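Inspection log for the structure reproduced underneath, given as structure tokens.
Chain lettering (A, B and C) follows the sequence in which the chains are written, and residue indices restart at 1 in each chain.
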Amino acid sequence: MRYVSHRLGDLAAEVGGRLDGPADTEITAVGLAEDPRPGQVVVWPQGQPVPQGFAATAMVATEDTDCLGLPAIRVETPRLALARLLEVLHPEPTPEPGVDGDAVVDPGADLGEGVHIGPGSTVGRALVGAGSVIGSGCHIDDDVVIGQSCRLFAGVVLREGTVLGDRVRIQPGVVVGGDGFGYEPTRSALVKVPQRGGVRIGDDVEIGALTAIDRSTLPGTATSVGAGTKIDNLVQIAHNVQIGRSCFICALAGIAGSTRVEDGVVLAGQVGVTDHATIGAGARVGGSAGVYGDVPAGATYAGVPARPHREHLRIEASLSRLPELIRTVRRLEKRVAELESGGRD
Amino acid sequence: MRYVSHRLGDLAAEVGGRLDGPADTEITAVGLAEDPRPGQVVVWPQGQPVPQGFAATAMVATEDTDCLGLPAIRVETPRLALARLLEVLHPEPTPEPGVDGDAVVDPGADLGEGVHIGPGSTVGRALVGAGSVIGSGCHIDDDVVIGQSCRLFAGVVLREGTVLGDRVRIQPGVVVGGDGFGYEPTRSALVKVPQRGGVRIGDDVEIGALTAIDRSTLPGTATSVGAGTKIDNLVQIAHNVQIGRSCFICALAGIAGSTRVEDGVVLAGQVGVTDHATIGAGARVGGSAGVYGDVPAGATYAGVPARPHREHLRIEASLSRLPELIRTVRRLEKRVAELESGGRD
Amino acid sequence: MRYVSHRLGDLAAEVGGRLDGPADTEITAVGLAEDPRPGQVVVWPQGQPVPQGFAATAMVATEDTDCLGLPAIRVETPRLALARLLEVLHPEPTPEPGVDGDAVVDPGADLGEGVHIGPGSTVGRALVGAGSVIGSGCHIDDDVVIGQSCRLFAGVVLREGTVLGDRVRIQPGVVVGGDGFGYEPTRSALVKVPQRGGVRIGDDVEIGALTAIDRSTLPGTATSVGAGTKIDNLVQIAHNVQIGRSCFICALAGIAGSTRVEDGVVLAGQVGVTDHATIGAGARVGGSAGVYGDVPAGATYAGVPARPHREHLRIEASLSRLPELIRTVRRLEKRVAELESGGRD
């Protein structure tokens, strides 16, 4: 990696922080709290003391952190500053614009300015917006639309009828537009219901490695993911699912067919959501939960089956006491029987 | 997409329905119940009233549905008619026969008539049956057999020893024939047991995106999936598993090594099944369930650990009452103690 | 497949067993217990009787097994012998050294002796150790290091900053080095925290098909997997996770961000582990469990939420009796009320 030197004053401006030290301090990298080095800026978590002799060249910290005299950028949210500093000091490697000689692009494809298509990729009669980067070994079918400044890493497959907004970021191995899992059982077989809809992905969506998002069933419809939603690795989004804006869906979660996930929903890892349900806006579902029906807006659910979190906790606490409870009740039965027989005497 | 016009009378014949209106009504597309348009046929679910002024050109509906005088095709199962109409009115885009100039096919490969091999694909000394379509970026090893009229979408990997029947349909990113997860622990390490069997996939099987089906351990054996079985996305089928015919296995389900799944079994999303178990014919297991042993034929199981559904429901209902039960028992203990001390007075 | 004949005496030496029969018995294949054939050696499980007229040419068995006079190799652990025999009698097909004409290798790549790069693969400015085999359609970014004698099957993606040890074996469709799932919520959006670390995979690690291992967040750090650890298919390893040596992680398991899994841990299928937790050395977690916090070294946990196995079993047993318990308590209440009113008379 190349390191480029930056002045601390410029970095303070970049992160919108207050400079607390000499503006011309030279910074080359983001450093680690547990292994600080000269030339590095370390982003410090609030509420923890900086150790004496801390060897970084500068700090990013909240106003109430004692930086022991080290040059610092003072901010409200260190993690937001970290995000920006990583962009500035450690820019992501990005291939040059142009179609690689080992890519196969249909003459009917419409490529915007500055598009990169990597080796081993195939692009059908698709629209690729300006500045988008398609990595190696991607397969983009006919009838696909990719917005501007998207980034597809290696091995992504977009089947026909997929539409991406702008600045969509897709990690390796993702499949968008696979057939939905729709069959109609008869006495002799499961008859396939052809899946002829598409998939619509909003602006600023990110999709983690090896996630699958199925196409919808009917022409003129789409499985959809709203703007700003972030989806982790190995997630399953079934046909006809509608996901709102700014949702946060963690790894190995699965959302079954036609379910509606409203804005700002958080699904933790391995959550399963049944089909044709509604997860209300801002709801949160805890890890490994199995959601068998609707979840109200703003609610926090957990468990298998998923229940309101408070109820879930109460039940979990009670469960530990269940074996003892059974013994207590058995003793009570005896004592009551004795009382009863005593009464009959 | 191209739209081709069809006569309603021909469509009625296609779906085996009774024509209820003029045979020469022109239809170009399947429409949506919530947004009907002229030229469209809308497939109507049984038991719901058609709204006044419904703007589709024709309906597909059961005999007892009041179609408000619109031309209709009367059927018993609208969803089966929908399946056929989607095929006829919205045929799937299918590449032309031929080996793409950017595919790499071993001279020893045996390709049937009308086979398509897409760009970026590699095919070893394999047999590919007539009419099969292999999409872009697929990797077919030596010693693979693909039946007739199969369809592999982009990025599918079939390792050596994989045998597909006819009309097998595989969504993007599927891996068939990866090593089974077999190790023998010693004091110093986990020793790999080489996996030298194969995988056998029956006719009319469908496999969803990013599903993994591992090869079996011993030469001369195969992990197998019976004819007509449908497998969803991101499913794990471990080595030596035997799956019967017409099973239905939903997304993110996992079946551990050597387990036997008999005909007609339904596993809902995220179901886990332990190794060396038998899931009897026609059994159904509910979403997120963890199956730790055998499931009898015809049974319905749910929960973690999976139990018979009725028992599971009874326990779940009881669970909500557990915290109150603990309080009740505590009060009872006091009351009994009072009675006892009263008795002793 | 080609069969090569081996002498039983040589095979006994290979597996370190005692030859019990003529050394020059010719063996061509490992056979099946349920379908033994001439020329085959069958590895027999301890404790089961060999049926009369067993048609294999030789057996591998423990000393206490009655092999009915068949030539045998006597061993302590038949499954370890099986592992070796499969290697010797059924060697894995391995491509010849060399860069395929349809691979795209950066001039800056450094390929060791005997390396194979398959068709459709792309290799950036990466280091590939001697004897490593990279299958078809793999995508290796710049700034990747692959050790010696590694084997990557088709369609593997290694993003920049990935370092593999020696003899690492990666099944098809694996993605190493995808972005971690790190965002900082603000009022208006989820702000991405760029992921600029790497991934470090130890010697002798195996990774199953379609598994995702995310890069760490900070430059100079790595998500890491210790030597000898085996990872199954469709597993999610999140950013900054640290996995020890000789762990065994089954299919569809997920380990959330920054969690530490110490040496020798076993996670069964579909286990979920929360973020920032520690799973102590040698701990074992049962199938489908949801781990919401730390697990002590050596402990066995199960259930959702995961509890110590003994406690889990006690609770599970109690659960079946809960519906009856509720009825018992209701009856007890009545009986106590009667006693109380009797007492007041």
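By definition in this document, contacts are C-beta pairs under 8 Å (C-beta built on N, C-alpha and C of every residue); 3 or more make two chains touch, one makes a residue touch a chain.
In this text the structure is predicted, and so the values were computed from the model without any measurement.
The touch graph of these protein chains is complete, with an edge between every pair of chains. Because subunit B and subunit C share one sequence, their contact can be compared position by position; here under half of the interface residue numbers appear on both sides. To fit its Cα atoms onto subunit C, subunit A must turn through 120 degrees, a value rounded to the nearest 5.
Chain centres here are Cα averages; for subunit B and subunit C they lie 25 Å apart.
Multi-chain contact residues of subunit B (touching two or more other chains): 120, 137, 155, 173, 210, 234, 252, 270, 304, 319, 322, 325, 329, 332, 336, 339. Against subunit C, the residues of subunit B that register as touching in their complex are 104, 120-122, 137, 139, 141-143, 155, 157, 159-160, 173, 175, 178-179, 181, 183-184, 186, 189-194, 196, 210, 212, 214, 217-221, 234, 236, 238, 252, 254, 256, 270, 272, 274, 290, 292, 304-305, 307, 311, 314-315, 317-319, 321-322, 325, 328-329, 332, 335-336, 339, 342. The touching residues of subunit A, counted against subunit C in their complex, run 1, 29-32, 35, 77, 79-80, 82-83, 86-87, 90, 92-93, 100, 102, 118-120, 135-137, 153-155, 169, 171-173, 204, 206, 208-210, 228, 230, 232-234, 246, 248, 250-252, 269-270, 287-288, 303-304, 316, 319-320, 322-323, 325-326, 329, 332-333, 336, 339-340, 343.
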